[in-house]
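Submitted below is the structure of interest, expressed as structure tokens.
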Amino acid sequence: MGRQVTETRDRYGHFLTIPTRWMDNDIYGHVNNTVYYSYFDTVVNTYLVQAGGFDFQRSQVIGVAVETFCRFHRSVAYPDEIHAGLRVGKLGNSSVRYEIGIFRAGDDEAAASGHFVHVFVERSTNKPVPIPGALRTALARLLIHS
Amino acid sequence: MGRQVTETRDRYGHFLTIPTRWMDNDIYGHVNNTVYYSYFDTVVNTYLVQAGGFDFQRSQVIGVAVETFCRFHRSVAYPDEIHAGLRVGKLGNSSVRYEIGIFRAGDDEAAASGHFVHVFVERSTNKPVPIPGALRTALARLLIHS
Amino acid sequence: MGRQVTETRDRYGHFLTIPTRWMDNDIYGHVNNTVYYSYFDTVVNTYLVQAGGFDFQRSQVIGVAVETFCRFHRSVAYPDEIHAGLRVGKLGNSSVRYEIGIFRAGDDEAAASGHFVHVFVERSTNKPVPIPGALRTALARLLIHS
Amino acid sequence: MGRQVTETRDRYGHFLTIPTRWMDNDIYGHVNNTVYYSYFDTVVNTYLVQAGGFDFQRSQVIGVAVETFCRFHRSVAYPDEIHAGLRVGKLGNSSVRYEIGIFRAGDDEAAASGHFVHVFVERSTNKPVPIPGALRTALARLLIHS
């Protein structure tokens, strides 16, 4: 899968603290792989709400997930506290690629890292539309320059 | 269903802050009823770990849920922040009845309230055993006197 | 906690088969207590959809959970298959009390049993309204006579 | 992201039926992206248990997720029934790449498709070990030849 950059905190422009929950652990005693994606969902949508004024209950335009990916580097377990780092890897006309790092409190290297691609669509028709201005402005602030 | 006391914050001796997650909301736009029980689980087990030194990964004695109940007074929705209040309603030889109030940040009246009964059992045999001393001491601190 | 009737299959008028999922198990190797309520939610809503023609995406009237309860008699674990039994304990003007038994495939005694109270409200105002006729007819078929 | 093959049912050697649950839907009325990974987890582990005799509660060797990916082609929603297709894309010494297609009942094209990489490790040390023989035999039956 090509070169692997070590994902450290300085590579992310925004962070959200997410405490783990009892049910996040699976039978092996670690956070189950599916739960990392709920951390992804939460850091992404919370940023859209808080930085971009996104009103997911009523907005005509919503973000639909078209692709998600996660690589697991080391385990995390309840009752750990998680810091979810967020940056924007690519900002298109109607789509955005978020890149996320999941850090255990106190660690500088990510326990897991991945991406999440949103396409913005009109809620009623499900057709792609340009990303609304306020969201675009908020997302552009997290865009990486490589 | 008998008298209903208004559950306010002063009726709980311990609180845990739990941010909601995107997936907590169901199709009606509010936290789904099942998710409140994951808040219950989390405030209870986190208290056992932090106040009672409970090591759920290795301890010979574990708590098994035998009964849970929740009444929903008003709705909560992501991205609300939740404060989960905890008290002990009854502390038996091998069982404990936790009483939990779920408060939206800023509210003094509980959005939901309920109880959760743990029986402590030997992990290998599943037989009830007396609550270990360190846990009992921690639980006794939250016991209500009525 | 009062008298306890043994909950056997003959006490339920409708059943839904629900396979367990890997994530249903928690760290102790059994289905977590919160997950039983997702079985409750699923058997109830699936019955409303299939027997009562309930269209939860568009209907003006929706069911809101006001109270749920579960008692855990014996454990269930992935990869068990579950049979969720449903009956109606009380059918009011705008509310209904469902009673649910969770059976492991092959068992006649419930592994868990409990109840779930729905109040039907107008989606836009959240005000209680009479249960729509098609739903009432479907629910009346499961009403117990005691 | 390279060429995209249309994922049809004939490309998978094993299927598991998974009914959706009420809580699988998120606020937009479709199965949330995180939930697809719980379908992945379930089809994979159920195959290991049923075809390979895997005893995840006691076995010395367990499978740990190191990478997961999913692309979402069209939406699925409760109460749809899902057929999860499974094949093995690569079978290494200690790792296996599962490829999974999520089909709505009645559809021949996948609603979502992705992969999941397990590394088998010794439970006590977390060190990679060769895939045990019975599991390897079961996995080899699903290996694609391309």
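A, B, C and D label the chains in the order they appear, each numbered from 1.
What we mean here is this: a contact is a pair of C-beta atoms (placed from the backbone, for glycine too) under 8 Å apart; a residue touches a chain by one contact, two chains touch by 3 or more.
Bear in mind that the values here come from a model prediction, so they are computed numbers and not experimental data.
K.L.:
Where the contacts of chain A and chain B overlap, which chains show up?
P.N.:
Chains that touch both chain A and chain B, as defined above, are C, D.
K.L.:
Can you name the chain that lies farthest from chain B, using the mean of each chain's Cα atoms as its centre?
P.N.:
In terms of C-alpha centroids, the chain at the greatest distance from chain B is D.
K.L.:
What whole-Å value do you get for the distance between chain A and chain C if each is reduced to the mean of its CA atoms?
P.N.:
Result: the chain centres lie 34 Å from each other.
K.L.:
Taking the mean of the C-alpha atoms as each chain's centre, how many Å separate chain B from chain C?
P.N.:
So the centre of chain B lies 23 Å away from the centre of chain C.
K.L.:
With chain centres defined as C-alpha means, what is the inter-centre distance between chain C and chain D in Å?
P.N.:
29
K.L.:
Do you know which chain C residues sit against two or more other chains?
P.N.:
22-23, 27, 29, 32, 34, 38, 41, 57 - these are the residues of chain C that touch more than one other chain.
K.L.:
List the residues on chain A that touch chain C in their complex, please.
P.N.:
So the residues of chain A in touch with chain C come to 22-23, 25-27, 29, 32, 34.
K.L.:
Contact residues on chain A for chain D in the complex?
P.N.:
1, 27-28, 32-35, 37-38, 40-41, 56-57, 62, 64-72, 123
K.L.:
Under the touch definition given earlier, write down the residues of chain D that touch chain C in their complex.
P.N.:
Answer in residue numbers: 17-19, 21-23, 29, 38-39, 41-42, 45-46, 49-50, 57, 78-79.
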